[in-house]
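Some notes on the structure that comes next.
We call the chains A, B and C, going by the order they appear; numbering starts again at 1 in every chain.
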Amino acid sequence: MSGHATNLRVKLPLLCALLQLATVLLFAFFVQYDSQTSPWLWHEEVQLQQRPLDHEFYPRYPSFQDVHVMVFLGFGFLMTFLKRYSFGGVAFNFLIASFALQWSILIQGFFHTFHNGKIHVGIESMINADFCAGSVLISFGALLGKTSPVQLLLMAGLEVTLFGINEYILLSLLQVKDAGGSMTIHTFGAYFGLMVSRVLFRPHLDKSRQREGSTYHSDLFAMIGTLFLWVFWPSFNSAVTAHGDDQQRTVMNTYFSLASSTLATFAISALVNQGGQLDMVHIQNAALAGGVIVGTSAEMVLTPFGALIAGCVAGLVATLGFKFLTPILAARLKIQDTCGIHNLHGLPGMLGASLAPWWPLWQPQMPMERGAILKMRSLAMPPDTLCFEDQIYWEVPEEHHDGFQVVEALSTEEADKATQA
Amino acid sequence: MSGHATNLRVKLPLLCALLQLATVLLFAFFVQYDSQTSPWLWHEEVQLQQRPLDHEFYPRYPSFQDVHVMVFLGFGFLMTFLKRYSFGGVAFNFLIASFALQWSILIQGFFHTFHNGKIHVGIESMINADFCAGSVLISFGALLGKTSPVQLLLMAGLEVTLFGINEYILLSLLQVKDAGGSMTIHTFGAYFGLMVSRVLFRPHLDKSRQREGSTYHSDLFAMIGTLFLWVFWPSFNSAVTAHGDDQQRTVMNTYFSLASSTLATFAISALVNQGGQLDMVHIQNAALAGGVIVGTSAEMVLTPFGALIAGCVAGLVATLGFKFLTPILAARLKIQDTCGIHNLHGLPGMLGASLAPWWPLWQPQMPMERGAILKMRSLAMPPDTLCFEDQIYWEVPEEHHDGFQVVEALSTEEADKATQA
Amino acid sequence: MSGHATNLRVKLPLLCALLQLATVLLFAFFVQYDSQTSPWLWHEEVQLQQRPLDHEFYPRYPSFQDVHVMVFLGFGFLMTFLKRYSFGGVAFNFLIASFALQWSILIQGFFHTFHNGKIHVGIESMINADFCAGSVLISFGALLGKTSPVQLLLMAGLEVTLFGINEYILLSLLQVKDAGGSMTIHTFGAYFGLMVSRVLFRPHLDKSRQREGSTYHSDLFAMIGTLFLWVFWPSFNSAVTAHGDDQQRTVMNTYFSLASSTLATFAISALVNQGGQLDMVHIQNAALAGGVIVGTSAEMVLTPFGALIAGCVAGLVATLGFKFLTPILAARLKIQDTCGIHNLHGLPGMLGASLAPWWPLWQPQMPMERGAILKMRSLAMPPDTLCFEDQIYWEVPEEHHDGFQVVEALSTEEADKATQA
């Protein structure tokens, strides 16, 4: 397939090399260990008044590891549900998260821990970098199967930068509290992703419709992602809250909210199905909305019963969104949202922000003119006939080919285009 | 399928709504943050003598997260082994655990942390609620594939209540120590589940026999569950023991016991097979018996070699149970135990309790007359011809249909019944 | 198959019984709780000056659990990629790790915590035992599909013993620092495994070539292993470093190194493929090399940008190794390395050791003459025609048989041999 536009052989290595080189150089000039990570600073300045176990590392590290599992395994496997794009789901997730966290160390560091000409990094920098990567992965969910890794890496670079600016405005300038990121992570990631999906709108996506479904086992792989996200969401919301009762309260509110959103999801899923059957898409996604909706408020005194009610509302809204809103978004607003991120992150994120009294009238401002860059043919974007298909970017075991020839399909597509032009 | 008895469209939403509403109301009236979770109580009363990191949250939370993974991912994936009921296995596990933990906060809270008219909840309440949910999931194992989610939710409500009573009698009245729950969780969950399975006995279950097996990949999904249970079992047994050496000792004893039960399981599995081959059912289940058997005694001074011996015995007994006892239970005692919970939780739980000197002559007292409620036709129970089948409750990807028509099968079944009646 | 050489019915139970009995007896005589685990020692001697939460258990246990997940789930699922040997991959991993950790408690304990005639075990003993098991599993990677569990258990016994000696020489005699085990775990495990693979060289392995590939879903199962290894590697490298800044620095360096090795792997994978497609084998393995290469140096002041560069080099070298070196090893040096451990553990391990200034000229000294023992027909080794095949050691669901008859294949093989002899 070397002559085709989706060939990654030159484009992907080149872009990775450029991005990684830029990151390495910026790290070399600007990034250094903070006072808890540098042996000199810690031993000579800080530890004199403290014992080793008072190190900030100990209360934060278990939360960090849970968040890390969510970003790489949770989001990764959640996106394996497509029958012919599971490699792409889990592995492009891996690639863009690995880049986004590096870039985010720079961007977030510049806004929050930059002094004396250096960015100082410690355990909280890692948690925040993972959060930012999570936001990029939410956006990826809307684009799943329709973009090349080249496009995704460029998007990640742009999104991380805007994430940093938006977060700085909200948290530092407007003094908003948003520990679990209802606004900064979920709402931002969702509407950024939907905007990109709108820019990349494909009127002929039905050409790949036969690949957009799942198989029995791909749905089970996706459940691995769902359950890791669900189980560790209390750590996500509490990872950077204040120590002591704050962290405990955030965990407990998230725990209750998730439990009730799960019941609501099962209930609504059966209710809206003609045959009274449950839908795996709802269970995989909407049951998580309970974690999103309390992102902002979980650290507050939401009370256990308040958390239960928030979760119910989230599961209800998200499941109804999957059933009724996603088709409308695609048909009317030209927003093709593969994973339904609007239902899981957009709506519950907005609701979650409005739960808190200080919700500012903030909307993500996406520059529409940048779309042209993301659409360029040289970015290895898949044609309409080959969305949701691993074979264009992956070596796939023969048993999975199904007599399907990527090269031929690509040739036909390009011949078609030549004819039309 | 809307006219059929297994249709969930009205029943499941209605029951979920009722249970969730009841829970929300009871939470509103009775549940409040404990002194470590409420900001006022913590900052004004407790923290004066302490530093933030002395908060009970820090030593307990990593254990809680491990237990949480076990309940939702461990038990969930362990139950995906059936070839046509993997959705049901992992997702009904998700549903009933989400309800059971809420209900258990109320029941256990009433028995253990109720004062001044309020239930006070903190990190230990969450661990104990997860433990109780685990007990319900053990019972679910015996019923896997043969019950509707409506029946399972009702069972969970009943079982959580009786779990609370039984635990109160053992731990509070009889002053039994049982940190890892050999008695309260495993023995109780196993015999409760077997009792329900006896009540719901199906003489014609052979009509669904062709679905009771596994496929190559469904067995691998189940191994995800097994390994998470195995790896985190030391946290399960130690999650609520005293701090310091107690917790360390419990972890170590469980670690050794599991290692030796794994060797014993492999040995016996090869020995009892005619062709000298290993059986995945044994590896998936019996290797875990080493965690069950030291549930009561792991916090005691069992010594490392005592733990190894306990594990050997557990692996041996559990594997032999799968080979020889399960068929007898089904044939003679009319107890159809899909996952073999008697071998993994029943026998090792009893042995584990008797390892400790204070084992009281306690037997779970299940009210047989309640069976009629769980058997009612309106609970969406699957007919004999459709056990172990996801299609009755789930939208299943087309590739998985195998030319099999649920509606037809249901109609035939009901026509048969009409003829017989 | 009871008459065949690969029958496990007598051999495996017998060997398990012998090994477990020996371990139990040695534990009974030599192993006892250390002063942090024994209630008497802790309460009477240590705790007088400390509070319960100062117990070494609290900073170490979350790291231990992460390492435990890596050993059993990470390595286990990484080895499920073969289309017909996924049971063997995950479950033999389970068996030999369970034995290796017990044996390692004895060997490592003898070298490091033996005083007054007793081995004293605590939380660090468990971490180190898991490390040693990890080293055995690395070696298993080279042999995957070509050895029986009987051979693997014997190999584990031998390797754990030599691991203990090698580690004692490096860490205690030569005073080398190697917290993440670039030398002691990765380099040792890799070259030990390659040596054994050389000893067991099969000139006719092409008879099983049709089984050596993966399927679409077996590659996804392997990604579960990859991602757990990747996510928890910071805990692996930092699990036994000094508290405070050391642990924080080790985690951060490993985190950065892994992120950049992932980008390098994707870049090189696309570059070396004729069609510009990515290769799942590279993503599953080479992306992890960033964790291996900083094993020795992560606790040092590597600086964030130094870690990024190390990761790039590791991903680059490992991916090129898979593409160009593995075929040469097999063709020229008669080393058949199923998982490519030389690329993931061997090369990056050596590089990682040489990153540190004190790298001694150390080479693993494998006794070649011991090979004869591992090759004995009575060890249930699979014939060339039946490598990479679960059916010889496992009961496999019927759907997976593909009309393939193990008994016949075995009979033909043995008839062939009889004719040749």
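Heads up, the rule we're going with is that a contact is a pair of C-beta atoms (placed from the backbone, for glycine too) under 8 Å apart; a residue touches a chain by one contact, two chains touch by 3 or more.
As the structure is a computational prediction, the values presented were derived from the model and not from experiment.
Asker: Give me the chains shared as neighbours by chain B and chain C.
Answerer: A
Asker: Over half shared numbers or under half: where do the identical copies chain A and chain C land at their interface, same or different?
Answerer: Both copies touch with mostly different residues.
Asker: On C-alpha atoms alone, could you tell me the rotation angle mapping chain A onto chain B? Nearest 5 degrees is fine.
Answerer: Superposing chain A on chain B takes a rotation of 120 degrees, nearest 5.
Asker: Using mean C-alpha positions as chain centres, tell me how far chain A is from chain C in Å, no decimals.
Answerer: The answer is 32 Å.
Asker: Enumerate the residues of chain A that touch no fewer than two other chains.
Answerer: 58, 62, 217, 224
Asker: Touching residues of chain B toward chain A in the complex: what are they?
Answerer: 1-2, 7-10, 12-13, 16-17, 19-20, 23-24, 27-28, 31-33, 36-39, 42-43, 47, 51-53, 55, 57-58, 61-62, 65, 68-69, 72-73, 76-77, 80, 86-87, 90-91, 94-95, 98-99, 101-102, 105, 121-123, 126, 149, 217, 221, 224, 391-400
Asker: Can you list the residues on chain C that touch chain A in the complex?
Answerer: Those in contact with chain A are residues 54, 58-59, 62, 66, 83, 213-220, 223-224, 227-228, 230-232, 234-235, 242-249, 251-252, 255-256, 258-260, 262-264, 266-268, 270-271, 273-280, 283, 287, 301, 303-305, 308-309, 312.
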